[in-house]
Amino acid sequence: MESTIVKSIDYNAYFGDNHVVKNVNIEITRNTVTAVMGPSGCGKTTFLRGINRMHELIPGATAKGKIMLNGEDVMEMHPIFVRLKIGMVFQRPNPFPNLSIYDNVIAGYKLNGIKLPKAEKDKIVELSLSRVALWNEVKDSLTKKGSFLSGGQQQRLCIARAVAMEPEVLLFDEPTSALDPISTSTVEELFHELKKNYTLIIVTHNMQQAARVSDKTAFFYVGELVEFDDTKQMFTNPTDIRTQNYITGRFS
Amino acid sequence: MTQLENELQALKVELISMWNLVESQLKKSRNALVNFDRDLAREVVLKERRVNAFELKLDRDCEDIFALYCPVAIDLRFLLAVLKINTNLERIGDYAEGISKYIIETESNFNQSVLHASNMVTMFDDAIKILADTRLAFENENTTLARSIFKRDEALDIINTNAMRNVSECIREDISVLSDSLYVLSIIRKLERVGDQSKNIAEEIIFYIEAKVLKHDEQVQSKK
Amino acid sequence: MQAQSNVKFRIGKSTGFQALTVGLAFACVVPLIFILIYIIQAGITKINWHFITNLPKPVGEAGGGVANALLGSMIIIGCASVIAIPFGILCGIYLSENKTSKLAYWSRLCVDILQGVPSIVIGIVAYFWLVKPLGGFSALSGSAALAIMMLPIIIRSTEETLLMLPDSLREAAYALGMPFHRVILKVIIPCGISGILSGVMLSVARIAGETAPLLFTAFGNPYLSGNVLKPMQSLPLLIFNYATSPYNDWHDLAWGASCILLIFVLLLNIFTKLITRKWKVQL
């Protein structure tokens, strides 16, 4: 069942007078992994943060255009609702250092003041941690602080925290750039599992990662969406010469 | 299992089913030859398209895996081997088709004395067996079995050399078998090529498992 | 040879410099140790239950304590904390969350200036703004003056603690759909609590010994009093008054009071260190 879940229409983002994302039109299919790649400063992270309205938290940042989530424009919705439906995982693992592993997973409920019965909380914690393949590693130390885990485990904890809110879309902003190679491949394996239940959009500097994990790839260059196609197509026969130059490393 | 492992496994399965197809093509052309069954021969010619489609599919899959996963070490050697095995198998498929075309072209069954003198049916069976064993070596990553192919290819070569002499004798006795003899010799030449291709495949298998290059190294091959 | 002697000379210079830093660091500690020893020697013998629970006696009578000053100090410091802590922490949060706004720039400047204002000047200001309009000395006006002195310390330490928290923490909270007030209350403050508390403790320790602003405001009172709208005694005032008096009995009282004040400040500092270590959130 193929269907569009996120669709941007003439999306533009600015930092003050600096036009960083220019007229991006993209359609993202449900239950796929979309990789967004491009050189530094090409606006890919800004675009990603625009999808769940995190962009505008930065002073001086503004955006124009539409981003449709299931046909509803997120620019018209309250950011808090948007962020409940579109989860985000960041570059550096950032579990809440004052909370236990258990509380970190249900942080979205606990810190938002949503009261749940204990049994339901237990269920959410176990399900979320299982989905990120962390349950077996931490089930005996749920009361320990999140910062006791290794970097890769912390990042999976952060993914579990986003997953616990049952969002429709998960955004990843260079999720493995602070991790070692082994943790990186664990997280990459996770993407294949996660896409069964969620739609994933991943910003990455690492072309190989984009190639390995994604179904579709978008290539951004100086704020423009240059090419958006199946990953296989993109890496064997890109249409745009700029994409070809970028993925072959002939970029000046 | 990582995504790359999954892809490689799928590729292996794909290549083996191509292999099975090529084997059955070869068997069918053998049966068509022995029973002078033109319909079976036509079926082989028709099915050659499927072999070609397999080749294209495997090439495409290899290209995607190279592009997306940047394989290294044994994965890289496996892919390179698959690419070459793929070409070799397709060629064997072509030989099966070629043999079947001869059967369709000839008016009557081949002269039995020529067939007998050339020892062709034995050679055909050997060639099929060699191809099947090469496949087993690939499936089970068995390099000992792969190495045994070299010796058995030589046996085919000997049959080929002998057939030349024996068939020319047949012709000397009875000139009417000339055109049949030419067909038979062509078929034998093709079967000999099947043996060579199998040997190449065996070399690729050893290359991918042991990272040893045996190609053009007569000494090593004859020793084994 | 030339090169070798040169190296030797340089090694010697390096050793000398190291010795100098060690020596000077030690020299800093020496006065503190002497002060501590001297005050404790002079004061510790005066301190007993009687000293803590009784009012000062008139000159010539034996005994007498500092109960009024002790209670007064507690009340004045307590009131000052109640006034200063919420303002200080909220202001610190504002400064750390709005690094670039105009208002933040000016308030940061004002806080820095406030930190540099002499305490006696703050006392005078409090005298003219509170004591005079209210028609008399009162503990509350003293608390207000002390609160003004606490503010910059609390604000700056809160701000600096919160600035040290990584932005990723805020983003994590916002990305979960948390509104601003919850991000502050549930994430930012709990993570920075040790730094904020140590700032508060230090500011209390800092004002515990202030005398100058109290001279014009709380004024002093020889009797036990709990009314914050009336003059009230406090330890630093008592020390100032008694130490400058010509009576030996009163000198003894002053020594004892100094000792109590010193122990209070020391305990507060040690407590701060403990809290910082215990509640420190590992980032």
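To keep things simple, chains are lettered A, B and C as they appear, and every chain counts its residues starting from 1.
Note that contacts are C-beta pairs under 8 Å (C-beta built on N, C-alpha and C of every residue); 3 or more make two chains touch, one makes a residue touch a chain.
Predicted model, so just to flag it, every value in this text is computed and none were measured.
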Chain occupying the most central position, where position means C-alpha average: A
Far-end chain from chain A, centres as C-alpha averages: B
Centre-to-centre distance between chain C and chain A (centres being mean Cα positions), rounded to whole Å: 47
Distance between chain centroids, defined by C-alpha means - chain B, chain C (Å): 92
Residue numbers of chain A (touch at least two other chains): none
Contact set on chain A toward chain C in their complex: 52, 54, 57, 59, 79-84, 87-88, 90-92, 94-98, 107-108, 111-113, 145, 147, 158, 161-162, 165
Contacting residues of chain A [partner chain B, same complex]: 185, 188-189, 192, 208, 211-213, 231-232, 235-236
Residue ranges of chain B touching chain A (in the complex, touch as defined): 2-4, 63-64, 67-70
Residue numbers on chain C that touch chain A, as the complex places them: 100-101, 166, 168-169, 171-179, 182, 186-187, 190-191, 281-283
